[in-house]
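Listed below are the structures to be examined.
In what follows, chain A forms one complex with chain B and a second complex with chain C.
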Partner chain A sequence: MTTEVFTTRIVEELKNIIGVHKPEFCYQCAKCTSGCTANKVFSEYRPHEFVALANMGYVEEILKSGVIWACTECWKCGQYCPQEVAPVEVIIALKNLSIIKGYAPPKALVEMTKNVIEKGLIQDINQVMTKDFEFIDRDSLGLPPLEEPPQMDKHRNILSKFFGVVMK
Partner chain B sequence: MEEVRIGIYICHCGKNIAGVINPKRIVEHLSRLPNVVVAKEYLYMCSSPGQSLIEEDIKEYNLNRIIVAACSPRMHEPTFQSALIRAGLNPYLLEMVNIREHATWVHERDPAETEQKVIGLIRAAVHRAINLYPLEVERLPVVKSVLVVGGGIAGIRASLDLAKAGYKVYLVEKNQSIGGKMAQLDKTFPTLDCSQCILTPMMVDVSNNPNIILQTYSVVEEINGRPGEFEVKVRQKARYVDWDACTGCGTCVEKCPARVPSEFDEGLGTRKAIYFDFPQAIPRRPVIDPDHCLYLIKGVCRVCEKFCPTGAIKFEDEDQFLTLKVGAIVVATGYQLYDMRKMYEYGYGKYRNVITGMQLERLSSANGPTSGRITTIEIERGKIKPGKEPETVAIILCAGSRDENHIKYCCRIGCMAGLKHAYYIAHALPNSKIIICYTDIRAFGKGFEEFYQRIRSLPNVFMVRGRPMEIFENKDGSLILDVFDSNTNRRLTINADLVVLETALVPPQGFEEFRKILKISCDPGGFGLELHPKLKPVETTVDGIYLAGFIQGPKDIPDTVAHAGAAAAAASAFLAKGYIESIPYLAHVDEDICSGCGVCVSVCPYDAITIEVTDGRRLAKVNSVKCKGCGACAAACPSGAMQQHYFTDKQILSEVSALAEGVVA
Partner chain C sequence: MRYLLYLGCVIPTKQYAYEVSLREVFPKFGVQLEEFNERCCGFPLKSINKKAWLYMGARVLARASELGLPILAPCNGCHVSLWETKHQMEEDPYLKSEILSYLKSEGLYKFDDVDIKHPVEVLHDIIGLEKIKEKVVRPLQGLKIASHPGCHLMRPTDIPRPEDNANPDKIDRILRALGAESYDYPDKGGCCGATMLPFSPDNAIKVGAQKILTMINAGFNAATTSCPYCMEMLDNKQDAAKTITGNMEVSLPVFYLTQLVGLAIGIEPSKLLINLNMSPVDEILAEVGVV
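And now, the complex of A and B:
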């Protein structure tokens, strides 16, 4: 470790995006990670660690790893954080910074976004497979065809703009 | 009128002042000002040679006003006042100019401008000094008795110390018995000695001491008078038992049919409607809880009356009011637990096996609801019952403390209490597993680090560095919680039979109102504010009122006892010489001008002014005993009839116009 990491400009950039929340207040109680929805299924995702890394100046390291995209934005860490660090706010800022710096988001996310733009849903769930490897569609269950969510044109417009940025 | 002869003394304060401005150059300027006979500068005016310089000059030049341009008057005004007294001059003919905090410390980057500011301030002081006049200090008698509010360990210690020094002590306690929170504890950290065993002898000492008048089951309602002579109105709550007739045999308690959740047992056990707080209660005289006594609420029962051998039950008893005259007041009202129901993620109050540290103390105490057996909690037909021995216990530190959403400050005792609680369980149930979820272990006190080492080396105690976010209850009442241990970088899922929260601690209920009765300030946490965070830890903004123990801020037992001893010593020193000196800069009325409009009455925070009718004229009258010299009335008076000595309109305005002249010129 070199002392340079403590004073990188990228930390200032990050803090500008974060706004009112103060990652420097974090005392590493790890309450966020203890109850984290994403950490339950993806142990590399540890919000308290991102806050500590960001405070020390290891921002590029987080961005390169791409782990932050596992956040489900359930906002629990924002609600229960005892120091108003609200790790979720730091994570969202890191996501934004990641796009600004030109890091590509994970493929799965890109796929999902594509699906949303095309169909208004993250997955095409017109057909599912049972445990006996049979395919069932909505029709055979007597379900009506899926409709597009309301105001889809507006959302599609916004997402396309975002998509243009991330795919650039 | 005698000629005004002013001497000006500029202090270098080492480099604090002289490092920015040149005192020699300023001295040259000053000798041109009106009435200035002599102006000098010196390295340290507050030193012994510095003071002698002033004293000698007063005699040599026949000076009758002294201006010292140095640090804040809060720092050294008394020092220079005593120099004036030694030279035979009235101390209120001194004027201090703060050229350190107000000039050189704040504008050190611009010495030339700073010098101009210093000259301006001193010129203003010269004009004010011309208008100063001598003031006399009155000696007011003091009552050699002390009121101690709160009968916990702090109040007990302060009372015993004061009684030993020969003062009469009134110890007022709101509960039936003295003893406070310490009586509820099983053991004390870090030595693990039995809490009751060290406390009860002191409680007995209090009851046996002829100088201490024990006034329990009572609250302070009103405080009037002045420092040295407070008049305190105390409400003795209706006890429904004649304590003089009662012998404390306890038959009534035994026979009473009404069971109520016990406050002393933190709701885990029950007491009767006629009760002692706990078996070792002092005084050993019961009271009837009017909200639960069957006779008092339904008009039937009277069993206690039937069995009382001395006829001491008195159902017609009422609140009684007493007036105490005391010279000083020691506030030792302690603390209460933060209401953990507000921290809903931990489910306290909803999940029966999530308990507070204080509840664990009661479970572990031999005189507690389980006679010292640590068990889980069962609820049968709405009643709390002891369950089985817990196999796994999670102890969560900083529950509600150091939390922006709840209590911001550190409770200062939770770490050690949590380790102690781990010891209780590990000792009583060697096959159990205890998991301590900590954030930081703060082991700062004497013997604390050694205690931490002792506990963490127990084979069944596990230290997890992480804080659970949520607790969930299983069907059988056991609990499940996830905690991320940042030491091992693993997320642990704990199945606990019991969860102990080391709760945040806050000022006691009703302290906010009581603080207003006392007219003392509070800190952001709501605790009583000491006069100086380091140098005056027991004094308050009101003379003669002292803080003892937790009410000044979180403290463990040794610190509380030391602080209470200091409060007793301060109260004792305040009363020892038998008189106090009055503040000379009080408000006074020019009766020729006063129109009796009463604006002063409405702004006075001390009720010191009344409107009286003399010869058909309404006039304001200042009670010089109640007046604290705040100046609110003088500022509010529309006619200028109300003036404050040492801060008269003439004195202040001459100073202001001298300053303004400097700006215009």
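And now, the complex of A and C:
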């Protein structure tokens, strides 16, 4: 496959995931980066660059570096972009694509995915310590138990298919 | 007023103070909360697989549709996620029919007729400030409380959001109805950093610490939020924030809005699980004579 065919295919794949938002309207003003939450703590995290690279299909480096996972999905970039690009949606699509390409997401996300398939929730019921050094949970507080909703087996099956790649 | 109490993942497994204070406070205003044991809305896993996220949200909505009641979603993440699910499928009929085919295999057929409310909307728009004021027996005088709406209460604006992104003031108005002071400050709509936790806990906590410092610098002696993720970052991790930033000034009492409403209408602090707030809340409540 030539590089050109390859990058065109990546652009198409990303567009499919992005859906309604239109990254091709970006004119590189970098307004998104100037207000970006993740950029404040990671200077190499620059959404306007990710949008440019996504538009050209040159995304292999970003996917490999894993830097996209710094995004807090705060939607500031999408809100203040004069071109209604929503860089955040481009970055979410890049994250989805990185999973498809076999790159591992942060470990804690794999753990959450596993819990969602097994229990339907991202985490188990926690015992929490109060300021008086007492451990409490739903039971001790008298809160209703988290009973399983109906059809959980079918739900689990569908989720396992969706998340199969991550669990490998 | 009847709602399905959709707690999501974080509230019923860890952020008990939010659940308990909601269950205490809302019935006092005639709001009936029905049990609704549904599973994850998909929000935390949107970055892993967008289609799975849509399916998970649609499933929650479809179960609510069967029961014929609106949803109360106290988590900002759930609230935005369920609205976005509805919105995206309105825009894309192909996607909608694909998601519906999954739901059909579970015996679910409809999901787009469900309304989704957040506690801030119920308090401000439905119960209303006058009703709140009438019930206040312990005004929160002396408290200057910063509203931290949290990103998803305000954005994205192409779907209905409880707070106005340009001028978020509903929480401020509720706080004033409780007798506290509240006003605008720089980066009010800023992010708590929670979603960065899986990637880099230290940097996520730095983002949260920055938000706390902004509120302190604006002259507040307390802060409030209505999102379990924000609470985790702004309250539960304050000690970690001090260690990581090396700045001992990252110290501000933080409450759930439902805890503050509860205090003001005379509910005992123990019934609002104030002892789960890790920030210095007892000191400030004693100082201003609320308890």
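Rule of thumb we're sticking to: the second predicted complex is superposed on the first by the 89 of 168 C-alpha atoms of A that agree within 3 Å, B and C clash if a C-alpha of one lies under 4 Å from a C-alpha of the other, contacts with A are read in each partner's own complex, and residues count from 1 in each chain.
Heads up, the rule we're going with is that contacts are C-beta pairs under 8 Å (C-beta built on N, C-alpha and C of every residue); 3 or more make two chains touch, one makes a residue touch a chain.
All of these numbers come straight from a predicted model, not from anything done at the bench.
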After lining up the shared chain so the two structures overlap, which partner does A:Q151 touch, if you call chain B first and chain C second: first, second, both or neither? second
Which holds for A:K76: it touches chain B only (first), chain C only (second), both, or neither? both
Could you look at A:I92 and tell me whether it touches chain B, chain C, both or neither (first, second, both, neither)? second
Chosen between chain B and chain C, the partner touching more chain A residues is C
Output check: A:I17 vs chain B and chain C. Expected answer is one of first, second, both, neither. What do you get? second
Between chain B and chain C, whom does A:V116 touch in the aligned arrangement: first, second, both, or neither? second
Of the partners chain B and chain C, which touch A:T37 in the superposed model: first, second, both, neither? second
Can A:H48 be said to touch chain B (first), chain C (second), both, or neither? first
Does chain B (first) or chain C (second) touch A:Y103, or do both, or does neither? neither
Chain A positions within both the chain B interface and the chain C interface are 40, 76
Within the complex, chain C is touched by chain A residues 17, 19-20, 37-38, 40-42, 66, 69-76, 78-79, 86, 92-93, 95-96, 99, 105-109, 112-113, 116, 120-126, 128, 130-132, 134, 136-138, 141, 143-144, 146-149, 151-152, 154-155, 158-159, 162-163, 166
Within the complex, chain A is touched by chain B residues 345, 398, 402-406, 439-440, 465-470, 481-486, 489, 491
Chain A residues touching chain B in their complex are 27-36, 39-40, 43, 46, 48-49, 76-77, 80, 82-84
Spell out the part of chain C that touches chain A in their complex, as residue ranges. 9-10, 12-14, 16, 19-20, 35, 37-40, 44-52, 55-56, 59, 63, 88, 91-92, 95, 102, 105-107, 151-152, 155-157, 165, 189-191, 193-200, 203-204, 206-207, 210, 273, 275-278, 282
